[in-house]
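Shown next, in structure tokens, is the structure this report addresses.
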Amino acid sequence: MTSIKSGPVLVLGGARSGKSVFAEKLVTASGLRMHYVATGRAWDGEMQARITEHRDRRGADWQTHEAPLELAGCLQAIDAPDRIILIDCLTLWVTNLMMEERDMAAEFERLAGYVPQAQARLVFVSNEVGLGIVPENRMARDFRDHAGRLHQIIAEISADVYFIAAGLPLKMKG
Amino acid sequence: MTSIKSGPVLVLGGARSGKSVFAEKLVTASGLRMHYVATGRAWDGEMQARITEHRDRRGADWQTHEAPLELAGCLQAIDAPDRIILIDCLTLWVTNLMMEERDMAAEFERLAGYVPQAQARLVFVSNEVGLGIVPENRMARDFRDHAGRLHQIIAEISADVYFIAAGLPLKMKG
Amino acid sequence: MTSIKSGPVLVLGGARSGKSVFAEKLVTASGLRMHYVATGRAWDGEMQARITEHRDRRGADWQTHEAPLELAGCLQAIDAPDRIILIDCLTLWVTNLMMEERDMAAEFERLAGYVPQAQARLVFVSNEVGLGIVPENRMARDFRDHAGRLHQIIAEISADVYFIAAGLPLKMKG
């Protein structure tokens, strides 16, 4: 098992690629106090089931926080050098920001400004969504563009970047 | 050309990525007796054309079997130590199981239980389908989830896993 | 920064993966005279905005050409040993060819026949579009198939092939 040496980590992968499980193993192996920042909102039963499944898998050693919108603020509030924080996931955060019609560039800048000065170790999970056919729906195209831009920004300031497929990690950086 | 040393192989890739051709080369290079298990059903002309194209490319040295649903049973029936079996592909098998409203977890378990005890060498081909936008259609989302889960299961028990893009292999395991 | 030694280069990636920026850096680092072949047509405001953004980023050291359809012809017309030509992108070229109902196999063959005899260094950018769910739309499925076939053809005759995600290159060949 790869361990986190220092600096932020980005774990990218497709749907059901095993990216959350991989990120959770990284976090568990760190020996630090484990915090989980959920960006998802349970707006329907399908989403609620997924959130519950993830929470049950992690178990009681994790402290869970919710940050559907104020991600940088949440990270700042729980930041401490003996902690490791898993943020799952960036794409749900992008979805929430879009629904609230936030200024995406400003929000991304705020997060990117905070990440390098965090004392806790940060592990970001996100969905790669840009490798299919161009969506007919304008909103979906915008989402894809925002997600792609954010991935580039976070990858740039991360120490390690992994691409996960079929549960297996491919190291892209670090 | 990479050769198969031992243990099952999983060849993942996108549409028209060259994954079947790559897998066929692996099989041909093995020197073993070549068997082909087709999971696809020719339900329309487009699909029939694809099946015929694949069969013509492989040629007469292959023995072809059809297993749209009973994959583990088919593998068991043709298993032998001097054989190599190409299964093309897992995603079509998932589609067929869903159409018949099978218990997916039970079917995956049955296959995963058989694979490690096979005497023949097994080469699985499958479509990576989880790297685009979340489909609006519930059935498509379920399909994506099932395929992703099955890929993780088969990757876990495979000796070698390849990701194919533009006809080129990226080794993810082995 | 990786540099181009010799032979054509293919840069594949998803939407907003940073593939164009990566390809532009390869070209800039070459020290050769920089030519840019745009295959895109500005058929709406969204597309026009993207084209303008790309052009502004590149700056005045580049000479720009448009080749929505006659790609091999355009390359031939500007070919010279002291030049490097960035073709951005193959998927838009495929789209244009399909809209004009061209013979795709013949067009691909024409391009593939020219590439190995080019005196200029060629850098192709293209979208990987085959890693999502099978599109319901027949035209989108055909597009995906054509793009996948073309990627295999160009990858085969390229010296270097990169897959870009989150702005990071993964070398697949070379």
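Think of it as A, B and C in the order they're written, each chain with its own count starting at 1.
The rule is short, and it goes like this: a contact is a pair of C-beta atoms (placed from the backbone, for glycine too) under 8 Å apart; a residue touches a chain by one contact, two chains touch by 3 or more.
Quick caveat, the model's predicted, so the values are computed rather than measured.
Participant: How are the chains arranged in terms of who touches whom: line, ring, star, complete or other?
Facilitator: Contact map by chain: complete.
Participant: Rotating chain A so that its CA atoms sit on those of chain B: what angle is that, to a multiple of 5 degrees?
Facilitator: Rounded to the nearest 5 degrees, it is 120.
Participant: Need the CA-centroid distance for the pair chain B / chain C, whole Å please.
Facilitator: 31
Participant: Could you list the positions in chain C whose residues touch two or more of the other chains?
Facilitator: 14, 128-133, 144, 170 - these are the residues of chain C that touch more than one other chain.
Participant: For the complex, give me every residue of chain A touching chain B.
Facilitator: 13-18, 128-133, 135, 140, 143-144, 165-168, 170
Participant: For the complex, give me every residue of chain B touching chain A.
Facilitator: 10, 12, 14, 128-134, 144-145, 147-149, 151-152, 154-156, 161, 163, 170, 172-173
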